[in-house]
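Sharing a structure with you now.
Letters A, B, C, D and E name the chains as they come in the text, with residue numbers starting at 1 for each one.
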Amino acid sequence: MKFARVVGNVVATRKEEKVRGRKFMVLQPVNLDMEPNGGVLVGVDAVGAGVGELVLFATGSTARQTELTENRPTDCVIMAIVDLVDIDGDPVYDKSKESG
Amino acid sequence: MKFARVVGNVVATRKEEKVRGRKFMVLQPVNLDMEPNGGVLVGVDAVGAGVGELVLFATGSTARQTELTENRPTDCVIMAIVDLVDIDGDPVYDKSKESG
Amino acid sequence: MKFARVVGNVVATRKEEKVRGRKFMVLQPVNLDMEPNGGVLVGVDAVGAGVGELVLFATGSTARQTELTENRPTDCVIMAIVDLVDIDGDPVYDKSKESG
Amino acid sequence: MKFARVVGNVVATRKEEKVRGRKFMVLQPVNLDMEPNGGVLVGVDAVGAGVGELVLFATGSTARQTELTENRPTDCVIMAIVDLVDIDGDPVYDKSKESG
Amino acid sequence: MKFARVVGNVVATRKEEKVRGRKFMVLQPVNLDMEPNGGVLVGVDAVGAGVGELVLFATGSTARQTELTENRPTDCVIMAIVDLVDIDGDPVYDKSKESG
């Protein structure tokens, strides 16, 4: 999995049949400084994430193993909403201290 | 999934048996400024996309999960035609405002 | 799938059991200007491609879905021999006009 | 597989259902000089690794083949704790000589 | 598949249960000039390769399709030992002419 910020969403009226009704979120991968790191992806949300939140996403066939996405054509899924990232004993991200 | 413009198509009379009859589209991945971002790919179309449209494509084994591509040797498929991309509340792409 | 030129082949007398008898071709990925784009790959040929031809190749588990490669340990397969690539209405590659 | 240092961990109270109870470790891929090489990943631990240890991790569908992760939506798993790396006959990493 | 030199091996007493007894080799991917090309990988050997040899390796789920690695959590496997690489009719690598 990798870290990303949820930065937006996509409206697409014409979607492949099996993903109709799924919400498509725009993800900006970030590094441990929370700076952008690589191009944006569009994922399906499995945990109820909102714009602005730091999340973990999985790619590839893994994205089809969640309850929400099983056997559906998805190659990117939001797996978790991050509360705290601890590096060598120091918190580099603490959701409770983010301005809301 | 990632964003791409459909920029063209490929004619190939000699294709692997299982993909005969499938239409091959040339995809130029783009970033949120709609600028090219990485090399072109060739995908199978699952939604009836045309040249010039902004689409979402999926890669890897996911590409074989659509109704059109199930169990066929495809590693890239067009999943949706994008109508609107909203980033932090601002539309960065709106299909209805594109000159046609 | 991606575009590549077939540039050569590999002789390997000691191969994993399940791929014995398969022909290994060296592929140089190319962009739409037909210039090299990224490092070479070695793929199994599913369509009878020859050195010098422009082909489409697939990677990952997809490479094991062709008639020739089903359930064999292959992660790269030549899927089609390209006759014509049309970008925004202009042919950027036309096999019939290549000097041969 | 690739080499990485375990550099931290992630707390996420809201996780996809099937990965609840799994520990998420932050991995910094490294080269043979043990210098950072590429962006961080978050993996599930299959061997009891701790922060500071050099490990091997696997990605993609492979990450779902361990006893701990079978059929769970994981795309990165710690596969082994490295004791010794020998390159052309010279040890470039020896865990027993690391200051602890 | 891609070309790599086998440059060393890894000792890991603590490994995921299903890969115990498998030998882990360090692979340096190379280009057609036999120069390093990208970071090292660690693969399982399916053909009896030794340090110094030029090999072809496969990645992803393909790595679990060999007789040796079936249903084991492996994402990189040595598939073949290269004897000869022929590019446009010229041998760029000939094992029999390597000093040994």
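The criterion applied here is as follows: a residue touches a chain if its C-beta (ideal position, glycine included) is under 8 Å from a C-beta of that chain, and two chains touch if they have at least 3 such contacts.
Since the structure is predicted, the reported quantities are computational estimates derived from the model, not experimental observations.
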- Message: For chain D and chain E, which third chains touch each of them?
- Response: none
- dist(centroid_CA(chain B), centroid_CA(chain C)) in Å evaluates to 21
- Item | Distance from chain D to chain B - Cα centre to Cα centre, in angstrom | 34
- Note on the structure: Flagged in chain E as touching 2+ other chains are 60-61, 63
- Query: Which of line, ring, star, complete or other matches the graph of chains that touch?
  - Reply: ring
- Traversal of the chain ring from chain D via chain E: D, E, C, B, A
- Query: Which chain B residues qualify as touching chain A in the complex?
  - Reply: 1-3, 29, 31-32, 37-38, 46-48, 56, 58-63, 65-67, 77, 79-89, 92
- chain C touches which residues of chain B in the complex? 7-19, 24, 26, 39-43, 51-52, 60-61, 63-64, 71-76
